[in-house]
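Quick one: the structure is below, questions incoming.
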Amino acid sequence: MAFRKFLPLFDRVLVERLTAETVTKGGIMLPEKAQGKVLQATVVAVGPGSVNQKGNIQPLSVKVGEKVLLPEYGGTKVMLDDKDYFLFRDADILGKYVD
Amino acid sequence: MAFRKFLPLFDRVLVERLTAETVTKGGIMLPEKAQGKVLQATVVAVGPGSVNQKGNIQPLSVKVGEKVLLPEYGGTKVMLDDKDYFLFRDADILGKYVD
Amino acid sequence: MAFRKFLPLFDRVLVERLTAETVTKGGIMLPEKAQGKVLQATVVAVGPGSVNQKGNIQPLSVKVGEKVLLPEYGGTKVMLDDKDYFLFRDADILGKYVD
Amino acid sequence: MAFRKFLPLFDRVLVERLTAETVTKGGIMLPEKAQGKVLQATVVAVGPGSVNQKGNIQPLSVKVGEKVLLPEYGGTKVMLDDKDYFLFRDADILGKYVD
Amino acid sequence: MAFRKFLPLFDRVLVERLTAETVTKGGIMLPEKAQGKVLQATVVAVGPGSVNQKGNIQPLSVKVGEKVLLPEYGGTKVMLDDKDYFLFRDADILGKYVD
Amino acid sequence: MAFRKFLPLFDRVLVERLTAETVTKGGIMLPEKAQGKVLQATVVAVGPGSVNQKGNIQPLSVKVGEKVLLPEYGGTKVMLDDKDYFLFRDADILGKYVD
Amino acid sequence: MAFRKFLPLFDRVLVERLTAETVTKGGIMLPEKAQGKVLQATVVAVGPGSVNQKGNIQPLSVKVGEKVLLPEYGGTKVMLDDKDYFLFRDADILGKYVD
């Protein structure tokens, strides 16, 4: 896995947007598009979490491999091994698909 | 229930706006409209709650199945299984109808 | 009481603006108007209060039945059983009339 | 006293601007004017104080009857029994005259 | 001293700008001017200090009689007994001259 | 090492952008460019960390020698011994390459 | 030392920008200029530090005599004994040169 080399920092989550129909246990998932952007994605790497005011690390709410719903806007495009990935803050991810 | 597959994150609440007259124990509820948008809705999925400064999870104030009053503005449209739902923050929901 | 069915959330207060002369123990109260809006109102429903940073619920400073003075601006109009009510945040209510 | 009926909320202070020369123990006080507004005033009612982050009530720094110096701007006009009063936040009052 | 009658509130400091050459132990101090405003001043009255988030009073960092350096901008003009004074927040005073 | 002389303060990180192909254990890394700026860099000096609200020092999440991915914008150019370096806040660094 | 008389308040640091070549143990330091302003400076006086939310004093991260790197912008010019000095907040100083 190429991204094993890239570790997001703090509460950032590295995701890969779904492309073609993705077969999941729950059946075929037709990616939902908004302005040409696929909003479903797979989590490929997660940061350690950010530190709250008391100095404790706040664990992220998504794990590697989970399917998530991205907001229409925001995110930072990151190219790794010539492929496009996106970095989102954990708090900006709208929800996840639990099979 | 289609949304059993979709779990909102943090303090987000997934709602479905009421359409036709909805019969409730308290009698028939004619949805109130503002600018063509129905402001009453049913809660269909809730997030785990967000974490406060002390690192404790703040439980949401609405539950699945409750009837709530939405603000006129805000909310994020989410399509699930070809149906329109909306994501609101718990804190933005104005109130709920307790029969 | 129609609003027994509507419970405001967090620190929101549901009020009904005074209309005609309202007879109170303290004598007749002629509603004060600003830009055509009556600024005196009766509290008809209150939320449970909002949660402060320590996770404790902050009780509201007004109770159902009390007469309050509203700010000129702000508030959200809410129609319940075909009557107009208004939602204000507890912190935005200027004061109350204690007989 | 008319305002015994009106209780400001939180950290609000109800004041009445000085009009004519006001005789105080410390001698005659000629009200200082800024843009036609008298900046000296008498405190006529005080709120209970606002709640700090730890949930404790922060007592106000002025008492009923004290003479205070108002800022040039800000304040909310409130009509009570046909007389003009003004609501200021405790933190916005510049100082008080201690005889 | 006229200002004994005026007590600034919270973290406000009442100062009188230096006018002519002021003889201090450390020698003659020629007031530094910026845009015609003298930036050196003497502290004539101090507030009790403001309350921090834990509810404790934060003592001020300047005392009555000390010579301080004011920022070029800010401050509120206050007329007391026909003389001009200025109110600054403790945190806005740049420094003090320690002989 | 020239920068042994320069110690960034608080949570600042001094980095040197990768130039030519940089051979790393993980193989050759072709620097990714955005608007002509190389976004990969090597950490050359780190600050002690900033202090959180409880007065504890928050250690940085990157160490000297690590390869990091910079955001497209932000950063302060610093010239040391006639070479260009850049200062970024720890929290603004997107991620690091872990071989 | 003229500035022994001037004590910056809170977290302010009084610095004197380097002028000609300054000989330091580490060798000759040619001041780096940005828009005609020398960015290296010597710390000549420091404040006691500011108070954090818990009421504890946060010590400064630079000491008198240290060589520091200033940001291009910000700072307040202060004239003391006819010489130009500058006041910066501790948090705005980019770094220091440790020989």
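As written, the chains take the letters A, B, C, D, E, F and G, and residue 1 is the first residue of each chain.
Here is the rule we go by: a residue touches a chain if its C-beta (ideal position, glycine included) is under 8 Å from a C-beta of that chain, and two chains touch if they have at least 3 such contacts.
It should be emphasised that the depicted structure is a prediction, and the values quoted were computed from it without experimental measurement.
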Any chains in contact with both chain D and chain G? E
Averaging C-alpha coordinates per chain, one finds the centres of chain E and chain F separated by a number of Å equal to 44
Among all residues of chain A, those touching at least two other chains are 53-54
Can you trace the ring for me, chain A first, then chain B, and on through the rest? A, B, C, D, E, G, F
Can you tell me which positions in chain D touch chain C when the two form their complex? 4-10, 12, 14, 45, 47-48, 51, 53-55, 76, 78-79, 87
So in the complex, the part of chain B that touches chain C is made up of which residues? 26, 32, 52-54, 56, 58, 61-62, 69, 71-72, 90-91, 93-99
